[in-house]
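The following pair of complexes shares a single chain, chain A, combined with chain B in the former and chain C in the latter.
Then we have the complex of A and B:
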């Protein structure tokens, strides 16, 4: 049984100092593409939190089964199928039972299948030998960290598009990367906050 | 010689190759597929390994999808791509672990993330599914090379500034002070933004 302090440390570490977007540089395609306004960023962030936590929780027992049956070289293939299937299932279930939320998520849900961070979280828990609770907390922390990063970035980009007079070549994606670099520098400041190192 | 170059412009394979490396370079123009590589492209060795991986996986899966393109029902084509790409990624991961264990160790989970690299899926969807095997392979090779080129240029800058070396050969003298920031995330972000800016000015490709 893992103690509650360990879980809290994993949560804080994956949320701030080892932020999956700003320290591990993952999930960049949607981060750049969808961060042009805050409303869309929030929707995408929420959808990612939901899907990442759910699939990590599903993938953990599946990986235990693969290890037990000695076929764990196939983990990538199985994880991808789980992710695709659960995104599809989530979409159908939400369409049926929570149509309002489904409309709010719109196109973001199917896009998540190819989001790196959903697969990355599943691959990381394999590398770190996490138990079930640790996996779920790590997935929640990482995805909340990603959502935090996309909301921050979209806020800055929204303001910047109004007030800044940028060189032509820097507009759009290039300036988004400069902003991400500055945010990442700021997040290094959180480095001392957690003792555990979930991402070695 | 000049005649040969002019005639080359009308060959389909040459156009496909040139578009992938320069005009439609996946990183510069569409900013796709950097997720799985920016974090590990802080050393030239890693960048080369990752570039080879992406190129090989893209080529093999594009060729395979082009081969079976008439048998894939269009409703389930995404799932088919995922299965094909995952299989080839697993093959590459096993090769890397067997050939260069220390690089495989350093790349870690990022090798598996080649699956979610948008370039592989993008080439399958945009090209391989409606073109014959040989053009699909060339197209995938060109995209992979365009990608590898960007990764190597970035990693040369980053390794030189953060370690004073290239391919682990010490180039800058003992009085060089390492910029550790270039080995970690912020450095990656700054280098890629400058790179995109420079190339966009050069290619006159702007977004408003």
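Then we have the complex of A and C:
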């Protein structure tokens, strides 16, 4: 049984110093594309948290099965299938039981199927040799960290689009990359407060 | 051993997951029953996840659509008063500010929700699908053909001169709209004038695959562009390219009525090889002094020996018309030509309510 302090450390580590967007530079496409306003960014962030945590929780027992049967080389392929399937399943379930939320998510939910952070989180738990609880906490922390990053970035971009007189060549995606770089630099400040592979 | 185990495990997992999804889909239902209420009195119930345009056409309600659901022609507009969701980015460029205010949407982009309420013009509810047979195909110019369809079932399509119908291209299931060129007094035949568009899916079908005797599905009639038969005003007709089709239908009706209204017909083309029905028009002009046909060539070739009007259709129109305050205008052609001609008409004091046009998308 893992201790609660280890879980807390994994959570904080995945949220801040090992932020999947700003330290691992993953999930860049939606991060740049959907960060033009805060409302959309929140929607996308929430959808990512939901899908990432769910798929990591599903992928863990499946990986255990692969290890048991000695076919763990298949993990990448199998994870991709389970991610696509669970997004599909989530969509069906939401359409049926939570139509309001389903409409609010709109295009974001299916988009997540191809979001690399969902796959990355599942591949990371293999690397770190996590148990089930650690995997879920790590997935939650990482996806919340990504949501945090996209909300931060969209907030800055929204303000910037109103007040800043940007040169033509820097408008839109170009300035988003610069902002992202500065944010990533700022997040280096969190380095050392926690580790994703705590010393037990 | 491993060579069998790996694919077996992968296949097993894939099959298991596919099975699970199918079960979930059956259990949860893909959205369930949807109800579409039309004009507050007609109801359609569907379970499919299709677009509104397709659902309506499956239920024999044919909204016009020239692009066939690609959100490029903007013809399949209708008012969605409830349950249409938010306007999609694909619709944005084709909706005016007024459209957005009135909840007008492109039905090819809207997927209905549990309860969707829409308003469509009553006239559209009369458009039907027809099984027809192509009985004649005539070359009018090097790139324009006249198609003559005999209606099989139903046997007649009553239409107003100027309206259009749609051809369903077999195999690729796209529809394209063409103006009806035939005499409205004979609703058992539908003639269309089709100009070849390089790489156009429908015109390629018409020019390369369609043969006399083929069975073709048409739907119609559509459109708010038709002859105002109750009016007594003088008429200016302007057409370009295959835009002669609806005007031909209008002239047929006017001729039957004894050509009591003064009609001037401007036709714009590039060179003599683009002109067609010239003899028919000259004959009409001879019979009825009220009718005048003015073909104008923008780039006559040296070998054309052209001594008619020369220049852009807008210039010829401007030169040859006087005050149009009491006249009616019927325009048919490319959007650019129509917009330019309307400017000229406005210059000659035409009342905007008396200008009718059909833009080719």
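Methods note: the second predicted complex is superposed on the first by the 194 of 200 C-alpha atoms of A that agree within 3 Å, B and C clash if a C-alpha of one lies under 4 Å from a C-alpha of the other, contacts with A are read in each partner's own complex, and residues count from 1 in each chain.
Everything that follows uses one rule, which is that contacts are C-beta pairs under 8 Å (C-beta built on N, C-alpha and C of every residue); 3 or more make two chains touch, one makes a residue touch a chain.
Here the structure is a predicted model, which is why all the values come from computation and not from measurement.
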| item | value |
| --- | --- |
| Room on chain A for both chain B and chain C (clash or fit) | fit |
| Dominant contact partner of chain A by residue count, chain C or chain B | B |
| Contacts of A:77 with chain B and chain C, given as first, second, both or neither | both |
| Inter-centroid angle chain B-chain A-chain C after superposition on A [Cα, multiple of 10°] | 70 |
| Partner chain(s) touched by A:171 [first = chain B, second = chain C, both, neither] | first |
| Which of chain B and chain C A:103 touches, first, second, both or neither | second |
| Partner chain in contact with A:123 - chain B first, chain C second, else both or neither | first |
| Which superposed partner A:93 touches (first chain B, second chain C, both, neither) | second |
| Which superposed partner A:7 touches (first chain B, second chain C, both, neither) | neither |
| Three-chain overlay, closest Cα atoms of chain B and chain C, distance in Å | 10 |
| Chain A residues contacted in one complex by chain B, in the other by chain C | 73-74, 77, 81 |
| Of chain A, residues touching chain B in the complex | 22-29, 32, 73-74, 76-77, 80-81, 84, 113-116, 119-120, 123-124, 126-127, 167-178, 180-182, 184-185, 188 |
| Chain B residues touching chain A - in the complex, by the definition given at the top | 31-36, 38-39, 78-79, 82-83, 86-87, 89-90, 93-94, 108-109, 112-113, 115-118, 121, 181, 184-190, 192-193, 196-198, 200-201, 206-208 |
| In the complex with chain A, residue positions of chain C that touch it | 2, 5-6, 9-10, 13-14, 17-18, 20-21, 24-25, 28-32, 85-86, 113-114 |
| Touching residues (chain side chain A, partner chain C) in the complex | 62, 66, 69-71, 73-74, 77-78, 81-82, 85, 88-89, 92-93, 95-96, 99, 103, 106 |
